[in-house]
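Report on the structure given below.
Letters A, B, C, D and E mark the chains in the order given here, with residues in each chain numbered from 1 onward.
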Amino acid sequence: MLRFTIRRLLQVIPTIIAVVLLIFVIFSVVPGSFASSLMSDGRGGADADMVARINEQFGLDDPVHVRFFDYVTGLLQFDMGESFRFRQPVTEVIGDRIWASLKLSIAAMVFAIVVGVPLGFIAALKPGSILDSITMIGAVSGLSMPQFWLGLLLMYFFALILGWLPSFGYGGGDFKYLILPAITLGVTPLALLARTTRAGVLEITNEDFIRTAHSKGMSNSRVIRWHLTRNVMVLVVTTIGLQFGSMMGQAVVIEKLFSWPGIGTLLVDSVAIRDIPVVQGTILVIVLWFLFINTFVDIIYAAIDPRIKQT
Amino acid sequence: MKDNATTAPPLLEIRDLHVHFPVGNKLFARNRRLLRAVSGINLSLGHGECLSIVGESGCGKSTTALAVMGLQEPTSGDILVDGQSIIGDNAPGRMDRARIAQMVFQDPYASLNPRQTVHRSLAAPLRLHGTPNSEIDDRVADILKKVGLLPEHGARFPHEFSGGQRQRIGIARALILGPRILMLDEPVSALDVSVRAQIINLLLDLQEDLSLSFVMISHDLGVVEHMSDRVAVMYFGQIVELGRWDAIFARPTHPYTRKLIATIPDPDTVLHPDRDRRAGKAPEPPAGYRFCPEDIGRPDVYSVPAESALIEIGPGHFVRCATA
Amino acid sequence: MMKTLTFSAMLMAGTAVAAWAQDATPQSGGTLNFTAPYGSTFGTLDIQTSSSVQDEFVAKAIHRSLYDWNSDTSQPELELATKVEVSDEGRTHTYTLRDAKFHDGTTLTSDDVIASYKRIIDPANAFAGARYFTNLVGVDAYKEDTSKDIEGLKKIDDKTFSLTYTGATEPGYDLMRVNAAIYPAGAADREDLQTNPIGLGPFKFVENIPGSRVVVEKFDDFYEEGKPYLDKVNVLLLSDASARDVAFRNGEIDVSVMGPSQYVTYQADPALKDHILEVAEVYTRNVGFNPEREPFDKKEVRQAFNHAINTPLIIEKLVKNKAYRATSFLPISSPAYNKDAKPYEYDVEKAKQLLADAGYPDGVDVELTATQNESWGLTIVEAIIPMLNEAGIRVTAKPVEASVLGAEVPAGDFHSFMWSNVSGPDPFAVMTSFYSDTSVSSGNYWRFDNAEFDALYEQARDENDPEKRTELLRQANDIIQEEAPMWFFNYNKAVMAYQPWVHGLQANATELAIQNYEDIWIDDTAPESRR
Amino acid sequence: MRRFNLNLWLGGVLTLIVIVGAVFAPWLTSLDPVFDANLMYAEEPPSGQFWFGTDEQGRDVYTRVLYGARISLTVGIVSQIINSVIGLSLGISAAYWGGWWDDLVNGLTNVMLAIPSLIFALAIMAILGPGLPSLLIALGLTNWSWTCRIARSSTLSLKGQGYVQAASTLGYSDIRIMWTQLLPNMVGPILVISTLGIGAAVLAEAALSFLGLGIRPPFPSWGAMLTGARELIVIAPWAAVFPGLAIFVTVLGFNLLGDGLRDYLDPHMRTRQQ
Amino acid sequence: MNEPVEHNAPLLELKNLHVGIPGRRGSVDIVRDVSFSIMPGEAFGLVGESGSGKSLTALSLIRLLKKPLKVSQGQILFKGDDLQNLTDRAMRQMRGDRIAMIFQEPMTALNPLKTVGRQIAEMFVLHKGMGWAEAGRKAVDALASVHVPAPEERVRAYPHQMSGGMRQRVMIAIALACDPDLLIADEPTTALDVTVQDEVLKLIAELCAARGTAVLLISHDLGVIANMCQRVGVMYSGRLVEERDTYDLFADPRHPYTKGLLGALPRLGTRHGAAGRQRLVDIDSLIKDRDTLLQEFCFEPRNPVRDPRLRAGMAGGVE
């Protein structure tokens, strides 16, 4: 198991290297610069002299390969460079935000799993029934709405009309601030999980070993408990992993809408003002999160599915 | 069987064929092992002959067939047609190779492109090989008739046919370019008993009519006995016994061959319990030799097989032995 | 919605009358939830490094600069000094500092001022504020590292220091900026400068939840007696206007900067309309033309552009009257604004005629670079496209991000652009942008080059009498109108909504949302969470 | 037994409505989505004259929603075509040829999967600047990894099929085999994922618009309309409701169509992918 | 095979069994009018080609037909009681305990995520009321009884860690765990190699003989049936066309289809001499006169099945 884990972790390295290179290249050709973004508020803030000085200070005049080399050298020492705007190490800037993002992702995923999986199970037990149709159409509808639109609707309804929940912000970490963004973010994975679970149950129900179980004289509820659930979970775990892993990326819109102080908001703002070290760092963190979750899921997968070779 | 088959230059010759597959992780060399699917096959096929390769799943018989067809790169060894090597640097191109040998596949459901009509499946190779458009329709109709179908069937898609009919189409496709060798990979094992007979009859008729040579891969000894001139018994990458069909079935010598034949469920045992081939004394290996392998459990497919050779124990009848 | 309505209606009886009157006696205590609307993050808390308005929301509570803007007189006035003596024909300014304490308990001295200014000027830091000091005597030597000190920045004693410029200068406009704030001497060496700021302001820094809010609390030793009134201010980040709307109506925030659509709804809402603060800000929204490219090299085309657009209609319908019609570049709140000037009339026929006169009877095709902004961006471009089309000016929008606009315009890489440019409070500084010697990258985005204007500008520069100087600038401004280097769209009207329990907000024309928090107080009607 | 396929029918009808709206927009409205703006009629509620009301510019929301369908469909379909071309050619060739090329494509696919597509699109939009062509490129370049994976796994399973091997022995070139034998036999799953991808692209366009990087005015893209009208939700809700509804109906239509197609083509196909 | 034991009462008796898809205009039957009986301890073979309805017949016995298939007519008497009248609960107790079944694919018939020991132990928990610990110990014995080497270790193995033959032995261990009266073996060796097939068949024969368990063996392979069973039923197109003692059937097949089947089979030792590649019997050419056959032997045209409902029904079945 340990060897499997280590091997799986090592396999991620080439991907990380490629991602670092790709991000670096993309943002070295992006038009506009931090200096130019300073001027965009129309206050005539920076002049040409200042732009030159900023570029010099942050080493933006160096050739790309020199900057890339410096960047990678820094990364190897867990240094992602210094933010132009915050004038702080990027690791600190991200470190300040990452917990908010994690909190939101985990809450959304928990919501999606707790609601989505049972829903899928219920729908699959009577395929073609009214309940099944409603659940599935509901799931597709959930996937078909622009997330920010849904968030806005929830915000208006629960915050403004009912006044139950705060409409925005982090509130220093209170749980009630988490509810609306987490639900909004959780709708997509919820819908997908409900569908995957349903498909999984239907698929496993058709497997031969379920027929074997029936031929043993097992009751339906025992078949479900002894033979169906775990096999369905093996299928569902993949979806959970993919959704959970990509959640930080998907959270960008939600974070922005709810003014949630996560790295998604940080990323969008940093792109807008061309705070490139933060942009690169944030994307790298989002990618690492994805890879981490998926590696983790693979390991879990190997633990619950004996067919996966662990050597 | 034609008696001159062994003396005339063979149509197809397989020399010391090895096919190994690397198994395991690419990054971690110590986990990597070589699966020796085929280790050192020598075979020849005469003109108009039907050579069968029998063995159980995983013995390397299909890999051998794929290597001959150019669908599997051999690790080492040579394959010659009329004395000319068809692998390596001087090998003929795919187009030339297509006219030498064609293959009939096991699964009639997977062997036809479901998105192409029968006519298109048959006409496309002709067009590719430069047959004038004016001739194509005739040749397609012709080949359909040869395999017992109607020219009208060309307009249909594969799913409109039964398994037996599909296998006929598969045979038609294999024959369309007029190859000299037909590689039959379990040609009837996926078919129902009644259809099986029709296809076997068809194949035998075609062999006669078109003077084809067959290499047949099979695990069904009944079919093998019925169709073959010579039989090669394969066991974990090696040939353990090779000989004329009558020698193999009348005097099976290698323990594995004997086991194989003995375990065929045979309806005739009901009628003739006395003819139970399971009885009888096991023949001795030739003097100074022992059978190789002696123990027919599960050999390690990852290790180099023990030194051994095919020893002739009768005219054209060889058994794998190692010096005692 | 129901809840908010009844709640507000209840409050109206008590406070609506007093809405903007300052007659009530200020009372101490309470918490204010202020919003920072210009982005979803604060930059650094080290305000000297920043030039972003967003960062000033926090800095204004914590820090103080030598001067401060007086919203009542619309003038900069001394803040940290009790007295200034101007000598040497306006070149030397000698300040006497007031008694003030930093949050760490140390007393303000001249050393603090000099250390702060030197830090801002230091070229290695590349701070935006450095340009406030470009004409200080000895700056160049300091920048080139030939001198450790700046000749024109002199300590006289602990409480007195002087600034000497190469020419007559009014430093108030620059030195009132928040990013010219005074830090304790030696602050630059502190490790936690970015995370734990120390200043002279009315509030002490408490905590920063990045991306969410900054909390500051009352500084008891603040130099103004009895102030601040509030115990605590939460500066909350909330960039999304519709989310801000919900939060405001929900009572989660005490003030909200409004966009045009909220302006309309709030005005129409009896519960809200009495708690709206508006001010003419010193920004001029315009479409600048590139006179070096066809067809904008022709004055007639530029004028036609101005005539072809029904500007009042756009301001009414699209900007919801949250702006004032622009006549020329200088805004209404500017002393050099010409009250008698008439804006370009909406006259499509005249526009067509002008185009024909310029040699374009079949119309012209132009490209317009603009960002996504509802008040001075693509929303407006969308509205003018059909109008201009009518007159024969076919516009293609080139959407860009703000940072790209900030790069392309100063680089002169545009055909025409839409922007909102600062046009005050100092009219002379504003007019420098149109002086032909000013390069594009330094602010002359319109590449204005007019001999008559240059002459007036030079006269104004050398004029010491403020009255006459203003008059000269007014004339220069008229030339700009005539030459039409841009489409004069509007001067921004900044509007802020505030909860009925909030008092003491100032109508700051330089930037409405930047408030002196020490003057704000809340009354007893504030909800429990604020008290 | 093939049951009545509700998804397929409902999805088909919704999609058809959108397509009809897009294709026949000039016949379904007499107004122009950009130039027929009259600020005098700004923010009019829905009426006989303006079925869906007018927006803040005084343009007919109905007209803009109709023309918006053209943009949304263009975004969805063109980006999916780009995705499919990239995904199919990489996926099929990687699985067919194997070796270092397969490793490379696999690596690339892993990288593309690891970077969330919205963020990748965000980066590409930042480079190319906002606008329709950039959006097509951004969405076209970022979502091919699933297509590639499906093409790859389909090829791996088809590669061993008799007809593919037969084509090789009959002398077909590799490219010809990929084109005539492999490609037509994975049309089903690719069609399914492309259909679902069209819906995803329409949503991505809206999300990018929200983040300020979508198609920009005056083009009547639904995402831009929705983002713009968000501010008007209190005074002119119709300006936000109808584009939002249009997005919902379109994406729902394509999602249902995709699900329906999946059920139709292969009732047992797994719903493991996104 | 052991000598048939003489009993008076049949263990299982099928009377005019019809299986089909219920429809508005009556049931569309795939299995039609099948009757046969199996004596206690007897091995009965059911032979036929794919689509002949032999597997549906078997599944209907233990009431595991998939929707929409249903027994539309007839009786299934087990020890004299009609299984169709049992409650679901009673039928569950019957399944596995009295009537056990082995399926064709040992690969998919076992749950891949559970150890084989646990899957065997389930039988004891379900039918013998044992706790898991005791059932686990019994599972080791059960595994030993099917000659799996090192059963103490193999109980902890997962199905994928075993070869096909071993997996099928596990299936046999499961099926025979509770000493059922009847074992239904549906193509138990089709997916296996010939040498393994031989071992598995021998094992089934040996264990059933020892326990007196009757066997219903379903196969398309006449050889397998011949070696295993005392009596054979030949199914064709949903009907039982011939039901005889095994020796009689092979010695003197009566039904033309049976004849054809025997003639179509290339059998070992039937080829004589170098030139003797005689043609095999082509069933289709043998049964040209369909109308006569239909009347005489209830012989109906073979594939393709034209009624789409039938075709779907077959796909839904287990053939």
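Some notes on this structure:
Keep in mind that, in the parts below, contacts are C-beta pairs under 8 Å (C-beta built on N, C-alpha and C of every residue); 3 or more make two chains touch, one makes a residue touch a chain.
Keep in mind it's a predicted model, so treat the numbers as computed, not measured.
Counting only chains that touch, the fewest steps needed to get from subunit B to subunit D is 1. Listed by label, the chains that touch subunit C and also subunit D are A. Two chain pairs, B-E and A-C, are weighed by contacting C-beta pairs, with A-C ahead.
Per-chain CA centroids place subunit A at a distance of 52 Å from subunit E. Rounded to a whole number, the gap between the C-alpha centres of subunit B and subunit C is 87 angstrom.
Our note on geometry: subunit A versus subunit D, Cα centroid distance of 21 Å, whole angstroms.
Not a single residue in subunit E touches at least two other chains. In subunit A, the residues that reach two or more other chains under the touch definition are 31, 152, 156, 256-257, 268, 272. Multi-chain contact residues of subunit C, defined as those touching 2 or more other chains: 242, 401, 404.
By the touch criterion given at the top, residues 3, 6, 107-108, 110-111, 113-119, 122-124, 126-127, 129, 199, 203, 206-207, 210-212, 223, 226, 230, 233, 244, 247-248, 251-252, 255-256, 259, 268, 270-272, 274 of subunit D touch subunit A in their complex.
Those residues of subunit C that touch subunit A in the shared complex are 1-4, 38-41, 43-44, 46, 49-53, 123-126, 128, 130-131, 194-195, 209-213, 236-240, 242-244, 246-247, 249-250, 252, 283, 371, 401-407, 410, 419-422, 433, 439, 441-443. Residues 207-209, 211-219, 222, 226-227, 230-231, 234, 304-307 of subunit A are the ones touching subunit E in the complex.
Subunit A makes touch with subunit D in their complex at residues 14-15, 18-19, 22-23, 26-27, 29-31, 128, 133, 140-141, 143-149, 152, 156, 192, 195-196, 199-200, 203, 206, 235, 238-239, 242, 246, 248-250, 252-253, 256-257, 267-268, 271-272, 283, 286-287, 290-291.
By the touch criterion given at the top, residues 62, 64, 89, 92-97, 100-101, 103, 105, 108-114, 122-123, 126-127, 158, 160-161, 171, 174 of subunit E touch subunit A in their complex.
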